[in-house]
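Both complexes below contain subunit A, partnered by subunit B and then by subunit C.
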Partner chain A sequence: MLTISSARRGGCLVIVLAGRIDAASAKQLEQYCLEQIGNGEIRLVFDFAAVNYISSAALRVFLLVAKRLDTLKGSVKLSALNATLRDVFDISGFSKLFAITATVEEAL
Partner chain B sequence: MNRHDNNAGSMGIPSDDGWDFSMLLPNVVEALPELAEAVEMFGQQSGWTDAIVMQVNLVLEELVVNAITNGYPDGREGHIDVRIKTTAEAVHIRITDDGNAFDPFTVAAPDLSLAVEDRPIGGLGIYLVRSYMDYCGYQYVQQRNQVSLTKRLPLSV
Partner chain C sequence: MRKPENILYGTGDKPPLQILLVLALQQMSFLGVYLVISPLFARELGLDPAQSLQLVSATLLASGLGVLLQTAKIFGIGSGYFCPLQATSSTFAGLILVKTHSGLSAVFGMVGVVGLAQMAFAWLFQRLRGVLTVQVAGLAVLLIGLGLGYYGIKLVLEADAGLELQQQGLLCALTLGTMIVFNVWSSGFLRLFSAFLGLLAGFIGSYALGAIPDGDWAIFHDAPLFYLPRPMNIGWSLDHHAILPAIITGLFLALHGFGALVAAQRFNDADWKRPDLQLVKQGILAEGLTNVCNSFLNGLPLTSSGGAVSLAASTGCTSRYLAYWLAALMAGIAFMPKAIVFWQILPLPVMGSALIFLASFTALSGLQVIASRLLDNRKTLALGIGLILGVSYEPVLRPFHQASAEALKTLLFSGVSLGVFVAVVLSALFQIRNHTREQRTFDAQHSSLDEVIVFLEQQGRIWGARPEIVRRAEHATWQAFEILTEHGLLDRQDGDSDKIRLQTIFNEYTFTVILGYSGKVLPLMTHPPSHEEMLNDEGAVLQMAGYLLHRLADQVRARHDGERCELRLIFND
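Then we have the complex of A and B:
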């Protein structure tokens, strides 16, 4: 179960995620993000504070979003990951590909 | 040999061949949340940390998704049998499915040095499995794929 909501803050779109990003819910996240990018939101900040699970299906979506925003000269930042989630990004080398901040405020 | 007892209701109850957790899933990704929830409950009862619960669930998801994606190209219905045994020292996992023979550990490791534009989408699942597990084995036995995994648990002081 994944809940997605978003709000504009300081020129960015903060996308608040809650729950699990797995192979069953990743498509929902992908569609949501592509829709926001399609609406012209090219500075995205993801708030992971309420996320308790990610898998490679989640990494796939963030890479897709990063590639899309790369070509649009936009940006994507990941915020408030707990240590276990951060570890998944570290192992997969994604910590080098993304700006990761401790809090959403730091990302704005 | 009664390896496939079709007993999805036996979660958390030791089965006749010594597993503490057993769940039979249909070969659809929609079955994953139910598996995750059952594993989380089992892990908490077994005294796993939140990190171990997430890592075990991640590993199960990667391998189940892999089995679903590669094992049933004709779209036929199939079943994936997930079993776990846990001790103070380690978590043992066995995943068996009736899909086409496929050894997930022959998948090439991703190149982690590539930049965003060059990184291929996907290919990280099995890499994460290898990273989180201390032993990963594959066998094709009696027309079934069988993946065996062990994760050593940090010794509690």
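Then we have the complex of A and C:
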């Protein structure tokens, strides 16, 4: 179960995620992000504070968003990852693709 | 082994000579507190001044030998850590019992048997890793800290040198305040000497306040400048009545040593996870051998000093070179009665303040060790009852001493040994019906991550696994569930639901999760797919999942027997 909400802060769209991002919810997240990018949001900050699980399918979504925003000269930042999620990004090599910050405030 | 940030000079580091000398003097200043114990015991035994001097001098000489054996780590004896030895009044009950039954010379024969018993228990401890767990080690360290603090408070408040309460409070504030100021607000070298500076400030304050009685100064003046201790000067004999009290005393000295040695390991390694029982064995062997030698020198039984270990850690130097200099200093002072007497005149509130300072570091370190593991009801009760009995040592002691048989009185050796003994016995008792593998079957299509988390956290608590290991196990297990269900690797059974059998095993060193199911073997990858593959190839997500599993767990094994498959995820704890 994944809950997604967002708010504009400091010129960025802060997307707050809560729950687990598994294969099923990854599709929901992908659709949401592409819609926001389609609406002209090219500076995204993801708040992971309330996320307890991320699967390989979800990693693909973040890769897709990063590539899309790269072509639009936008940016994507990930913040407030717990130790295990940070491990997943490090192990997969994805942490090199994103700016990762300890808090949302740091990312803005 | 990674050196903690607060340690300036670790076990293998060699500080400059002048720093080593002052640090050795600082350690000697602290351990000198325990020199008071020898004359106290001499008084209880009714020794004449010459015998009393022999006892104190021999005990100090043996302490020097013990420090050397403990640190040098030769022929499989010694832990290699800075872990000095000290005498303790806790052994008095057993020693006096033997003196009453068998005479004074049998007391020193008993010290030798205590040493041999310690060496025997050292071998046994190494084989008891199932009950001498991380939590029991944490309890031992916590109890050492609480015991030191309690003794410190007693010394501050129960001073009998005619001091007024305000004077006692002033000396305590001066000594403790100086230690705190230099330890908290100074850096580098001054922090190294914070305990010594505190003791120095306390001594100067005592002199200024006239807190050192004239009688004490007279003892200092009358003491000879040089004394040569001679082996078996007081006497040596072996009596069979001494064997049982000696074995019990040896057990509790070994348990006390276990606590101090674990504290030394903990203080020296930022990544410390569990006691190294091989080094604990070697450390207790060194203590035992020291007491065998000590027996012939006519000294008091010795055990590792948790306080000295804490002092080294709190001031930032645990170097083995410090141990060599301390050993030399102890051996030197053993021949100088005037120097020995110096510690007898230092006012008790000053000594007590030093103990309170050291106790804070030790007690909190023990708490950290205990809290580093998940605790189930069995562990909570074993540790909780051990802790309560350990801190209630004195009230427990009174009725027990009045009612029990003479030989059993040595059972209540010290708060540390009593608490650890009870925790070990209860841990062993709670092993009953606690060794079966836990297993639960999940419906792959309808189970949620929360159900898996609840099961694994429950297992983690039962086994006392570290929380971060359980988190990783949860993440990897759910990733495996997802691969199996999302990528069609499970066979349909009876046309309705798929079942995954989840089993956990914990053996103190590893937390293992085994997934059993019918279907195809889960593909494990040693390399991740490229970013391009992730974007363009649907199969790459499965490859990435296999790679994540391979990396999240410390070991992964997948195998099959016909349609029955097994995925084994092993996490080092």
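A few comments on the model shown:
We take it that the second predicted complex is superposed on the first by the 108 of 108 C-alpha atoms of A that agree within 3 Å, B and C clash if a C-alpha of one lies under 4 Å from a C-alpha of the other, contacts with A are read in each partner's own complex, and residues count from 1 in each chain.
Note that a residue touches a chain if its C-beta (ideal position, glycine included) is under 8 Å from a C-beta of that chain, and two chains touch if they have at least 3 such contacts.
What you see is a predicted model; the values in this text were computed from it and never measured.
Per the definitions stated earlier, placing subunit B and subunit C onto a shared subunit A by superposition produces a clash between them.
In the superposed model, A:T84 lies in contact with both subunit B and subunit C. Once the two complexes are overlaid on the shared chain, A:A57 sits against subunit B and subunit C alike.
By the touch criterion defined above, A:D70 lies against subunit B but remains apart from subunit C after alignment on the C-alpha atoms of chain A.
Taken together, the two structures place residues 20, 22-23, 52-53, 55-57, 59-60, 63-64, 67, 83-84, 87-88, 91-93, 97 of subunit A in contact with subunit B in one case and with subunit C in the other. On the side of subunit B, the complex with subunit A involves touching residues 29-30, 32-33, 36, 50-51, 54-55, 57-58, 61-62, 65, 110, 112-113, 115-117, 119, 121-122, 124-125, 127-128, 131.
Interface of subunit A with subunit B (complex): residues 1, 20, 22-24, 52-57, 59-60, 63-64, 66-67, 70, 83-85, 87-88, 91-93, 97.
Per the touch definition, subunit C reaches subunit A in the complex via residues 449, 468, 471-472, 475, 478-479, 482, 486, 528, 531, 534-535, 540-542, 544-545, 547-548, 551-552.
Across the complex, subunit C is touched by residues 20, 22-23, 52-53, 55-57, 59-60, 63-64, 67, 82-84, 87-88, 91-93, 97 of subunit A.
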